[in-house]
Amino acid sequence: MHIPDGFLSTPVWAALDVLAAPAVGLAVRKTRREFDEGRIPLLGVLGAFVFAAQMINFPVGVGTSGHLVGGALLAYVLGWPAASVVMTAILAIQALVFQDGGILALGANVTNMAIVGVLVGYLPFQLWGGGGATARKIAIFAGGFASVLVSALLALVQLALSGVPMPAPIAGISVGLFVVSALLEGAITLAVVQAIETINPGFVRTAGGSHRRGATIVLATAVFLAAVGVIFASAHPDGLEQLAIKTGISQRATNLFATPFSDYEAGFLQSAWLRKAAAGLAGLALVCGACIGFGRVVARKRSA
Amino acid sequence: MPKSSLIRVRNLRFRYPDGTQALDGVAFDLLPGECVAVLGPNGSGKTTFLMHLNGLLSGEGEISICGIPVQKNTLPEIRQKIGFVFQNSDDQLFMPTVLDDVAFGPLNLGMAPEQASDRARRALEQVGMQHAQGKAPYHLSAGQKKRVAIAGVLAMEPAILVLDEPTTFLDPPGRRALLELLKTLPQAKLLVTHDVGFAMDLADRAVFFDQGNITATGTVEHVAEKCGWR
Amino acid sequence: MHHAVIERWSQGHSFLHRRDARAKAAALLVLLTAIATAPGLPVAAGSVYFAILIFGFAAARVPVRGALARAAAVLPFSLAFAAIAAASGDPARAAILPGKSYLSALAVLLVVATTPLPKLLRGFEGIGVPRFLLMVGQFVYRYLFVIAGQAASMRLAASCRGGFGKSGSAHKTRFSAAAGALAVLFARSYGAAENIHRSMLSRGFEGHFHLLRNPRFGPADWTFLLSSVAVAVAVRGI
């Protein structure tokens, strides 16, 4: 899901660089307010942890496996501003050292995964994570799910906007793949959070509290973005398809070559996913449903 | 008790938030030029004790370092006087190059960057690692890392060195070289270790920690014999 | 591991290695922009950029073949898109996508292979990136060497016991075994971070990182920067 240089049209990458820079600046300022520089090692080491977590494979059946992406998990541990800063640092290192994602396209990748992906991952936790045990579990799962799905859809939209050709069947398959990987991220995030809390319940933040209003605003923004994405996607099925392919392929490329660990088990996302392509159309319906659900929740929160 | 103690601890008590009584009335002195080995089982309070000496933890009781009481406003001075070498060098060598890392302490003391790098270079020479100043710490061997970590502490020009399990990751030649190096350093030393042989070679005396208190003192041989610690 | 190889390359002493990180960072951004904004990227211009980059690797004594292979990490992604573009009747784009992305990756690789990453990150401070963010990046990179090593040994230990990555009958168990492994890795990372913090405090850290100065930006750095910019822009005009 890391867009390389050369794919986005100049207005798209430039606009996203311009958008991402102040957003990261804001995240850094908010992080500094909460953590002094003495906590930089914590942020850095947990960044290295998320990086290294790619080496631990999770079986998903039919001989394939996936791994943690980690944006939502970081947000549950560090809060969204610090998680955004850490994800930005990770993306920058992936782009520089691992040729995984471009430098000019860093604004796009940061927007998708470090800003929107982290915020969207954090929101359900912030809103419902303070409720009962089941609500909390659902919130944690939903955060991981939404984080990966929204990042991938944004990437698809950006590619489509850049005029990268994306025939409809391919877009459909891609969206299906996104949904599968998002479900997997939700499941992994939940399993890891539960395992972490058995070691020390203090690792994960307490949800809810003072940031609810902010969270609601961010959720509304996310729903808006997701809605724009879906409208765009349905209006330009070609673009959507292209995005899907790009993202799916990018995952593959990552697995095969660009991860830090060459012996990393490749091939899971790609071939198996393609085999599961039939799930694609169902995936699209799922995305629309999720967006409608999000919208209803926001409406309810506002009227409450 | 002699006034000139570099480390003077009286009736030190500490209880962790979970209720564990980690230190239960510890009294201890370190005299100038001395090297004292701290022996004892895991969980006996050795590390908790060390972390009180430079204010990383604070319990009840009196601690003074070079005559200065350990309290919040004296911490910068205390941390210059007492240098800690941690068990895992990777926790201590966090800067991108050896020189940056060794200069970290002097820069915190408020030295100008040029002075700090001079100080760092001198400390690296003292441990025989001047050739590695531009290297990344993760490219060094365990023994070299330990030397650089010691240089990072020496660059602060401390009066006391505290070494927590310095031999853990070392092979026998690395261990021997570390012993030779430590013998050349004039500072008073506090050596926490399970390596009784190393303690015998380096330390003048030993104290034995058990259940949050010192239960035996004397020569390393005597303490090891008495506590069945070999 | 990939990053260890790049790290080794970056420890050289060639002319390129010795240039100031800020000069290389700025030249890289100009070159990438030139490539990205070149309408269509004619074969001639692309070939000249390629030749210059190859020359750069050779001059820096970085193994050219290894560099070419590593930059190829972007190719599966680009070629797949190129195939789609070709299939949907856009052969021009089909050629440009892999060309531009490969050249860009190669350019990034040349800079990273001749500049140790921490120096490069500090170079970006000169372009206005917040130091806080760069310090986080520096710690991510530093401890990647440690935590990835631990992850590798956990994976080895797991595969000795049958592994948690392969499918099998008890697949729910394997899933939670992997989650447990990650949780342990997380707790260890957290513990390491706390030890690092303690060791910082022990050496007098009072809430702010003071760094040694960046080396002086010399005439050779200016020459390098200005000539790279001139070449990047001129070639784009071919």
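Every chain is named by a letter (A, B and C) in the order it is written, and numbering of its residues begins at 1.
The rule we apply is simple: a contact is a pair of C-beta atoms (placed from the backbone, for glycine too) under 8 Å apart; a residue touches a chain by one contact, two chains touch by 3 or more.
Every value quoted in this text rests on a predicted model; they were computed, and no experiment measured them.
Trainee: Which chains does chain B share as contact partners with chain C?
Mentor: none
Trainee: Most central chain by CA mean?
Mentor: Of all chains shown, the one whose C-alpha centroid lies nearest the global centroid is C.
Trainee: Farthest chain from chain C, going by mean C-alpha coordinates, please.
Mentor: Centroid comparison gives B as the farthest chain from chain C.
Trainee: Quick check: how many Å separate the C-alpha centres of chain B and chain C?
Mentor: A distance of 38 Å separates the two centres.
Trainee: So, what's the distance in Å between the C-alpha centres of chain B and chain A?
Mentor: 44
Trainee: Report the inter-chain centroid distance for chain A and chain C in whole angstrom, where each centroid is the mean of the CA atoms.
Mentor: Those two chain centres are 21 Å apart.
Trainee: Any chance you could list the residues of chain A touching two or more other chains?
Mentor: Only 41 qualify.
Trainee: In chain C, which residues are in touch with two or more of the other chains?
Mentor: Only 117, 138-139, 142, 146, 192, 196, 200-201, 205 qualify.
Trainee: Enumerate the residues of chain B that touch no fewer than two other chains.
Mentor: If we look for residues of chain B contacting two or more partner chains, we find 94.
Trainee: So in the complex, the part of chain C that touches chain A is made up of which residues?
Mentor: Going by the criterion above, the answer is residues 1-3, 6, 28-29, 32-33, 35-37, 70-78, 80-81, 84-85, 87-88, 90, 93, 96-97, 99-105, 108-109, 112, 117, 120, 130, 132-133, 135-144, 146-148, 150-152, 154-155, 164-168, 171, 174-176, 178-187, 189-190, 192-194, 196-197, 200-201, 205, 207-209.
Trainee: Quick one: in the complex, what on chain A touches chain C?
Mentor: Listed in rising order, the residues are 4-7, 10, 13, 24-25, 28, 31-32, 36-49, 51-53, 55-59, 61-65, 68, 85-86, 88-90, 92-93, 95-100, 102-104, 163-167, 170, 187-188, 191-192, 194-196, 198-200, 203, 238, 242, 245-246, 249-250, 252-253, 256-262, 265.
Trainee: Please name which positions on chain C make contact with chain B in the complex.
Mentor: Touching chain B from chain C are residues 7, 11, 116-119, 138-139, 142, 145-146, 192, 195-196, 198-206, 210-213.
Trainee: Please output the residues of chain B touching chain C within their complex, sorted ascending.
Mentor: 51, 54, 56, 76, 79-80, 83-84, 86, 88, 90-92, 94, 96-97, 99-100, 103-105, 107-109, 113, 116-117, 135-139, 152-153, 156
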